[in-house]
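First chain A sits with chain B, and in the next complex the same chain sits with chain C.
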Partner chain A sequence: MTATTAAPQTATTRLSAYGTRIGRSRNALTAGVLLAICILFTILSPYFLTQANWLNTSTTMTQILLLGLGQTFVIISRGIDLSVGANLSLSGMVAGAFMTGVLAPYESVGEVPSALIGAALAIGTGLLVGIINGLLIAFLRIPAFVATLGMLGVCSGASYLLTNGQSLSGIPTAIGTAGNYNILGWIPVPVIVTAIVVAVAIYVLSQTRFGERTYMLGDNPDAVVRAGINDRRHLVAVYAISGALAGLAAIIAMGRLASASPTAGANAELQAIATVVIGGASLYGGRGTIFGTVLGAAIVTVLLTGLIIIQVPPFWQVITVGVVLITAVFLDQQKELRAAKR
Partner chain B sequence: MSLEVREISRTFGGVNALSNVNFDVKAGEVVGLVGDNGAGKSTLLKILSGALQPTSGHIVADGEEVTFTTPHVAREHGVSAVYQDLALAPQRDVVSNFFLGKEVLRTGVSGTVFRRLDRPAMRSKVISELARLKTNLPSVDVEVRNLSGGQRQTLAIARAASWCERVLLLDEPTSALGVAQQAEVLQLITRVAESGIGVIFISHQMKDVLAVCDRIFVLRLGRIVAELDARELDAETLIGYITGAIVQDRSSENLERNTL
Partner chain C sequence: MRHSTKHKLSAALVVVTAVGLLAGCSSGGATAGAGGDDSGTKTVVYVPGMTGIAFYETLRKGAEDEAKKQGINFEYQGAAEFTPAAQTPVVDAVCGKKPDLLIISPTDPAALKPAIDRCIAAGIPVITVDTNAADGTKLVSAITSDNEQGGEAAAEFLGEALGGSGEVGVVGLDAAATTDQLRQKGFLAKLTADYPDIKVVANEYAGFDAGQSQTVAKSLKVAHPDLAGLFGIVEPNVEGIAAAVGSDDSVQVIGYDASPAEVDRLKKGEIDALVVQPAAEEGSMAIQFAKAYFDGDTSKIEASLLLKNTVVTTKDADSADSQALFYVQ
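Moving on, here comes the complex of A and B:
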């Protein structure tokens, strides 16, 4: 027990205001860092503030953000999903293999229906992987870290097995067209799709009973069980969301490249987790916001594309994201320690 | 409204944790359950809250025999427990914690289909419940981690009392608290009882037990060795019963029970 006897009412009220201020000031800090990075790249390269870079950066961001949104639910519930990148690869490959192997040459079914079937298949595969993750964690009580790491291996291997590691071109052109179409020249279709998912995620996490219980589960799992809530079903749902969004991200990845590749999701789990942590979620559960994750995804993406613009060799991208992830966790822990000492 | 335990026994691999325990609590009454470590207090608590099944004997609620197979079933029969860990989520506010597992949804489509919470309704319900029990929480919007130990205990008891219809089990509710906070929690327990709920108060703090209880049961080595009127009791005598230095002649009372 922390506080002293007979804590004066005013002090506690001030503390509560402080608590809400932490959340707001954390997002303000993240936004400030994002702005600083953008200014830096603007100074370093004349190509940063261009339409071409906006279109490229925003589309790249949708893929990272979709994985980050699912990861936000998982991390708030005190879990982790390391399988999202491999799941993205597998979902894309399953959809791609079905479309090119069964539906092609698309004359009988049609391009657009084939694309829709492929999209449904990708989301379905992602969802299935997510449900398996959830079942392993909730019912077999395998730690999330181990269960999803194992599924990373399974999904990654399976996506190579489907085609002996070959990429699949020849997917319906409708997918490539939609994936690269910019509304009014400025708003890529994937951005619209992702914006809708963001709006739904904000609603679910902040307004619904499901969101409320996701926070509760991360904050005190025993209390949730004691309250008679089916924690296992809830956990499966959380990982199912993460998996389904990985499937959706796979379609966007397929659309951008007009092909399906078993390496489409390489290192994506690193980006997704970095996105959520930079956005202010706690790896110990119970804390995080969708808005923070959006800012986190923007930071990660701008770093990735900005480094290319200033002609840093691409391998530095992964190193940078790794360093930023560790730095973000370190800074948050320092803040927690200071708060605990208060 | 009452809850009665009749001839409850519980063995763990040949060891008798409880032997033929008779125990009861009536509406509006605070009943103390005291005993040394290993006397069987927590075993009895677990049986009453549905976390553990008795080897023999039964539980009677309002004259009707009931079986508490799980804590959920016990709660459905109006029996709730507040354990020492309180089961609060530190990073959530008072309102969220109060409604954990009993969230109120909006009426209409947004509630039934989209499961949207009705936060304004939840908030005002918490405020009115806390006011009814005259608690001193600073605000319902404060995160639980910013509450003092006494305020957390207050919240946990008020939450359980608000959802509880018959009997509230309190496990060591004053043990980790400062003096002023203990007094506040004891007043809260009295008010909960006044609202018509039977309270079972398990504690090592003799002073607190004597301050708040109407009757006190003493458990010793798995048996009820004394049932005492708290009004005519002092701490020294109570400790005498707990340690076995004083022995109550319960033969006449047992005889009475049997003939009833």
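Moving on, here comes the complex of A and C:
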């Protein structure tokens, strides 16, 4: 690991360069694994390389990836956000309940404005949950693990409370139409939205001071404080990003299902964490890249749909995903050990 | 390296603890303020498989309405998660307050037997509804809607709709859930017996998760281009299938239960038919048996009562008979 006792600014720059360097070689490894899986599936089934599979896999991936992107910021800062799946469910249900309960039948407000109000409400709810997470962790000093686990319970319960567990199918049809529309037949709307978020996230994490400080916070929190940076405010911002992206993922989930469901984000937090870890981020903080997470999400999703397509029996599917997760982290640690010996 | 082995071990420990906590995290349901009082009014408590499910809410309403008619005090307590681990403490807490009778929908016949036996040992009579307790449990009555018959009805619908031949798939909840096992058992048995040319090409499990069910259903369509029918075992599975198939008429969709969201999709034609359980009737029968038990009129009690499910198709979704069967919110 890097020495971080030098002058703050130098340390920051060096850390960032270090993160990127490790990131690049690690991403090559992850991309190789993804490619190998795709080649194997293509050999095993004539239906793997088809338009229908691309549309299904890429749309499914957007939801997993959006949660993974937020989780990347959190994990790099040496935190964890277990509430993202439940936050997704809650954000979707808050928006759904408001649209169907207050705005319906959409004649006075209009379908599209109603959908936009719903979208804003979902992102707002997600953001609020994220800010609460951040405040609990940064100011009340509750460990991230416990704070976000608690919020998982709060959000999950609240999403069921809103409608007593019922899905809401009366949301504006514009949401379902956009969520299932493929531009030129090949590019699903959720993919465009997610691609924009990925581009912004890459910029923020690798090019801005905010990104540098996120790495620094994960690598050496004390140095951040010594450098006179407001670490608490930064932590709140990191969890707020994760929360807002869960809200955005909720809109995409709503669009795909053409309804708001309290089960939409079930167990999604574990998928998001797996995505980030397969993508090469370290749970000890200070390391990880957005591109790695994109690759990680691609691996998780391709396994999800591909194992069904090559007709692997259901229980073996779960085992395979578990083995891939462990293998990815093992290979990564071997690499790190060799690098440390050098 | 800065991170010692000890550090890593403790991190691993934290992860293990987390998995445990996650599993039990949403298990807390509020506990009943039950208890027999001296005024002579009997108290009956119903513990569903989990709260927030249209089916159980409808069963509850059927019981509640009947209890009002019979002058019985009715209470309702459940866990927020469908697992024996979450349900057992609720049962223990409810029986700790000594109600006059317990009605329960066990999440697992074997795993709930000890908790039910504890209630019986404490002098609280027990009636099971919807799902069974393991053999040898001394119940007042066991009322079930026949899950196997429901699976058979689903098979019959697909068999007829496809003219006796074609590829079909199942999207289920969890291979360990008895509800799932029985519905699939009836479904497969009926197909084998009466529709030998219908081939079940896949049985996938998507959990209690509409989004996952949608992805799985779409993948099944990709893997089997000739797929002509899909059977969803529980509501989120049905919802996911309906969203995946949409208005595609080449795939017949049959699901289980009749929540407001499912009925909405049935009317739109995204779902072609639903196997509807007699939820309200189960609840009202349980209360009628409870009343007979309190009155000492045991001749009115059937030790084992099996109620039939009804298949409602898009065509007859608007009929008054169907409306009466659909679940409440």
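We take it that the second predicted complex is superposed on the first by the 288 of 342 C-alpha atoms of A that agree within 3 Å, B and C clash if a C-alpha of one lies under 4 Å from a C-alpha of the other, contacts with A are read in each partner's own complex, and residues count from 1 in each chain.
By our rule, contacts are C-beta pairs under 8 Å (C-beta built on N, C-alpha and C of every residue); 3 or more make two chains touch, one makes a residue touch a chain.
Please read all numbers here as calculations on a predicted model, not as lab measurements.
Once the two complexes are laid over each other on the shared chain, residue contacts for A:Pro262 go to chain C alone; chain B is not touched. Of the two partner chains, neither chain B nor chain C is touched by A:Leu140.
Of the two partner chains placed by superposition, only chain B is touched by A:Phe210; chain C is not.
Of the two partner chains placed around the shared chain by superposition, chain B is the only one that A:Arg287 touches, whereas chain C remains out of contact.
Within the superposed three-chain model, A:Gly153 lies in touch with chain C and out of touch with chain B [touch as defined at top].
Touch criterion not met for A:Leu184: it reaches neither chain B nor chain C.
Contacts of A:Pro314 after superposition: chain C is touched, whereas chain B is not reached.
Judged by the touch definition given at the top, the superposed model places A:Asp222 against chain B, while chain C stays out of reach. Comparing chain B with chain C, the partner in contact with more residues of chain A is C. Comparing the two complexes, residues 1 of chain A contact chain B in one case and chain C in the other.
The residues of chain C lying in touch with chain A in their complex are 1-3, 11, 14, 18, 21-22, 25-26, 51-54, 57, 80, 175, 202-205, 207-212, 214-216, 218-223, 225, 235-236, 239-240, 243, 246, 259-261, 264-265, 329. Within the complex formed with chain A, the residues of chain B that make contact are 71-72, 75, 83, 85, 87-93, 96, 100-103, 105, 114-117, 136, 138-139, 141-143, 145-152, 176-181. Chain A meets chain C in the complex at residues 1, 45, 47, 50, 52-53, 56, 60, 63, 82, 145, 149, 152-153, 156-157, 160, 163-170, 180, 253, 256-259, 261-267, 270, 283-284, 304-305, 308-311, 314-315, 340. Those residues of chain A that touch chain B in the shared complex are 1-7, 9, 12-13, 15-16, 18-19, 203, 207-210, 212-213, 215-216, 219-220, 222-224, 226-229, 286-287.
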